[in-house]
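As structure tokens, here come the structures.
Below, chain A partners chain B and then partners chain C, in two separate complexes.
What follows is the complex of A and B.
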């Protein structure tokens, strides 16, 4: 692939460039070729400090090429950089007047990944009054501790545009992108007792993504342009499936009660494909209309439909989406910008989940062997509508004032369960820009968002306490501990990190006291909280000051310095379940 | 069957507390470019980044007498758990380089790049402290 691209790039350089020159004698060309090499040496752990380097002590040849040819009505550009066998960039593009443009880009990088040692997944129940250990154990096992994890990513993007007819400005455009990733990553799986035994192994990565976009647009009259666009995306993992071994179910300490344990597991003493990435396909169609409504108003609209499908399971979702943008001049000093978007997503109809019968073949009444089969409703089902209006007014030659108001609403149709869940949000923003010639410019902005019923995890974070909380008569049951699963019913307190109130202030200033000095200062402050979570005081503050200074004391020296700080505090709940052993 | 004769599952629920998680990063850099002569151009960069993260100590509220009596064999203090979330990275980076014009349209370049990362809170991936040094040289042709 790299060789092919190199040949294409050189062919373009030595054929298209001269051909442009031949077309027009008024051609300005500039070429730069750098040939050299580099030697890299590492000390200690390489994968953090050299996250995007090969990570080996070695000498590598290196070269760069830059070409720019500018004619009367055409431009040809070629830039390429070969750093090492994994870090390569290249772009070539040609534009001929307004009639034809084509560009191709190639990017390659390597990403080094560390290995999670899983040492934090190790604990065991302990009775401090007797000094003995209990049966609740969490263990980990890294099966491939010497593995070298990294992923090589390559991307090839090509785009073209052709003017088919000048009469109606009929234009065809198309783009294709390929993303190839290959390498090895860490794969983690938890075996039974829910996660009593966590294992890690090496998984091969080989993913191919192809994206195609093609469209046609034309002016149906001097004020209106219409267009149609087709999108296609295909993702396919080609690496062998990753398989994890699920242990033989048994008591974690004395190894007995195997049948009782295994009858409560989905997987037992078997190998199962884990961490599988689905092969997927997306097909989209969209129509666009844009133009002028009179002399003072411009508009742009679109309407489309996308369908995304998991090719392994045939689960799919379909989305209708549309957008309207309107910009109108209210007066010589005022402008109004209105934006609205909407979408409606519908997932696969009911999807049946079949699970083994709980405690199948074990003693006890039929009620102690319930079925946990269920029908999964798509949580993608939703309608999402957003609208905003921004009024922009020039107060005087130095100041511009803008106010923005917005409203957003999301209707989730199957969450929780088969109920509706509606989130709505009011947005307000004010912004003042100031410019004093070339010496000073800056702006100040304040924004707030008020959200009603932000998305929450309805399942509950805490468990109710009390000996009779379950309220289940266990008189004729084989053992009370077979009903541990019913603790799900005791969960309460929905939880979220989404705020109900958010406030943000941002200040920016750019000072140029003289041609030798430029200074920029910035400050961002963000505060949000959720007031809906009963006694939980979930909130977050963010504080980000920035400073930049550029100095050119004389033609020989150029100095620049900068400082950025980012300080974030998040408050959230931490909970532990209480067991009696 | 009377209510008193029914055997119920024991259940003690859960405890919770609110804690702050704080992340802070500082990044500062200085770049300099100096045209020493018509043939010599020098440049250099110094960069420093420090990033930390920490969770406040987890202090659970007192449990009720009923629960305390039943679970007297358990300990609900978490004096060390918050330290598992600590992160502390420091990255120091130096770059120094120059260009020398050998002949019209022919320039020799050389530069050095050094980066050192110190991990003062090794945990999930082990001690990630490490450094690299890159020396690079070549010739540029402009035409």
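What follows is the complex of A and C.
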């Protein structure tokens, strides 16, 4: 891949007034305006390299403005940055009489996606031992080779808070967010010939997300605060659906439409929608209670329910979620923090899949036209429980020792791989923290996670060698045909390369020989493996040494520099060979 | 002797004082810590540079412009200075920067008691011994937003340096470009991130990427399990924040496409020996085609409402 050759960025042409400060009665104001520019050019690069940058190959002016006004009753702040027309950021917030605050933020970016030339999709088989072409052929076609694919994302976030009653700390708060994405992407669409002929075209993107959150909280007594939150989100794609034409299924060379093409008849000679994103609507409600239990314990709990609905198909997923957090002082030297969360998600699991009849209209006996309708089971149907307890003890004024124990469990109901598929995880962590005043602090940490039955894809991974029974009843099938889909149950079984044992060690130290110099050193080592697949030697390691240096010669200047290396190795088998069709 | 925040061992009466402070904070959220024993000017006599800088900070400006807060002073945060004035050594005055879980995070919360701090006692930062002064500097006028000692994310990288490396990888969220920062996904004070209600990472991701939440008729199981199974949110060497490049990632769970198989149930996959035709039909021909990017054909990898034509998967091949 030919990549980026040069990136030139020129900035800070001139600066006007580092800041203008003024005191007018009770109003203190600070204003600064920054005017500069940048010049960015790329040469012979893929868009992915400059994923969030655009190389206009011309000088672009750039502005920043900052304003802060502090009065006796109010604070107003305004920050803005114009980088180019795709990259504009701004924030304004106001606080009045410590009772009302409002914040609005705008930010935008461009995400350059580049174009896949599909050049790897060009190949053809040979007939065995003949040296001549034959068998499958795979080609590609880029229908819009000059397209420049990118998506412009804009986000507007506004938040407000009102203190309605100071005595009871009654506060109303609300937030609204709009995310707009528009642009064009490369859509690689397959017709029923897509096994052999792949085409790419330009697809429009125009997605709008609106989300509203509002809540109310109040102290019902000096020790207990209650709150309620409502959340509503609506997502709507506004770009027109993409439609692809599925031609008459036939052999691309001799035009035959034999049994080998019969599985392509599903969308035979018709136009169908491809790449459609559903509208969705989410509604959430949540109650919170926090406070004190006696003089030594604080708690925070929540209980809520979210429901997300696909507005096209009307299928949904609903989630009950709750959390309990406790922090208690066991002794003047010891604390205990207990946290527990739980989720129960249930999706539409009785959705009926209505597929066209296989080989309908094609030659052959009726018995060779089985129905493939079935009831879809949702992998969303699950319960997730997590709990941890951390004991924190001060050994002496400089050292703190902490132990954490945790347990997590995921129950998946009606899971295709196993009807009641459970993953559980034990977590243990020990940490020793040392602090010598402000001059040195550091810690050593060890953590392990022991997982039983980690996540496995619903369709399995390896051949189930030795399995004698096929997954389907083939008595009605025209012998001697054995189709791919019939062999899957025979050849697959659920195995995962996700780790069952994970270990992590972290060492970190912060040195502050004087208030102007700060140095931190760190080392992180992670190792995990799948103990169930020891014979396959599945393992991963991560090694991350770090170095950071902060220099503060005076309060106006801070120089920060650092070095981090992230070395990751991964070893694991991918699927073994199956069959050649 | 530091006493107040217990650095020198068990001091029950002082802990009780903290409890009273906490209750006072809940009952009287806008009530200030009481005025102290020592005038600010006395402190400024020795700590002139700090006093000068403090007057320009958000706290300094805030206190000075509100008559009701005129009594706020150094002792509001540092405790009584009587002993320190008589014997000016470091260990007889409270230094909030030098505390931990057993110290004075509650001190700041006596005024900063918004709901955003509700979960602080249960947060990972609190458990790790991080205190307010670890990230915020109330004495310097030259701080970042919210009196942070540095801008985010550089401040966070001081401890989470491995994340800095990840955000510089070829595929990354636009953190280095300044379009996102850590607080868009993480709440440094504990509790859920912005605009998320439950505790799942999925909901956090879907709050911005609502287009892939569905729920879909044809599901992809890992999407309903955990986005982190396939994606590294901070950055990755693989495209689209994938933990591994395609097809390796996909082949961790799925079988090879049959035409890319190197062996078959009927014996080895035989290839032509004519290497002059290396543009097509080399021994790696089908492997190149089928083992490069699965999502070229399986475009709806996060889920779809429309059946794929492949009947062998029950329409669930996620090709459209």
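Assume the second predicted complex is superposed on the first by the 455 of 581 C-alpha atoms of A that agree within 3 Å, B and C clash if a C-alpha of one lies under 4 Å from a C-alpha of the other, contacts with A are read in each partner's own complex, and residues count from 1 in each chain.
Heads up, the rule we're going with is that contacts are C-beta pairs under 8 Å (C-beta built on N, C-alpha and C of every residue); 3 or more make two chains touch, one makes a residue touch a chain.
Keep in mind it's a predicted model, so treat the numbers as computed, not measured.
Chemist: Let me test your reading of the model: by the given contact rule, A:317 touches which partner, first (chain B), second (chain C), both or neither?
Modeler: In the superposed model, A:317 contacts chain C only, not chain B.
Chemist: Please work out whether A:120 is in contact with chain B alone, chain C alone, both, or neither, and reply first, second, both or neither.
Modeler: Both partners, chain B and chain C.
Chemist: For the three-chain arrangement built by superposition, which of chain B and chain C touches the greater number of chain A residues?
Modeler: Tallying touched residues of chain A, the top partner is C.
Chemist: Looking at the overlay, what does A:50 touch: chain B (first), chain C (second), both, or neither?
Modeler: Touch status of A:50: first partner only.
Chemist: Given the touch rule stated above, what does A:562 touch, chain B (first), chain C (second), both, or neither?
Modeler: Both partners.
Chemist: Of the two partner chains, chain B (first) and chain C (second), which one does A:38 touch, if any: first, second, both, or neither?
Modeler: first
Chemist: Let me test your reading of the model: by the given contact rule, A:536 touches which partner, first (chain B), second (chain C), both or neither?
Modeler: Only chain B is touched by A:536; chain C is not.
Chemist: Taking the two structures together, which residues of chain A meet both chain B and chain C?
Modeler: 48-49, 53, 116, 120, 128-130, 461, 483, 555-556, 558, 560, 562, 564-566, 570, 572, 574-575, 577-581
Chemist: Which bits of chain B are touching chain A when the two form their complex?
Modeler: My answer: residues 1, 5-36, 58, 60, 63-64, 67, 70-76, 78, 84, 89, 91, 109, 115-117, 119, 123-143.
Chemist: Can you check the complex and tell me which residues of chain A touch chain B?
Modeler: Chain A residues touching chain B: 30-50, 53, 62-63, 114-117, 119-120, 127-130, 461-475, 480, 483, 486-487, 490, 536-538, 555-581.
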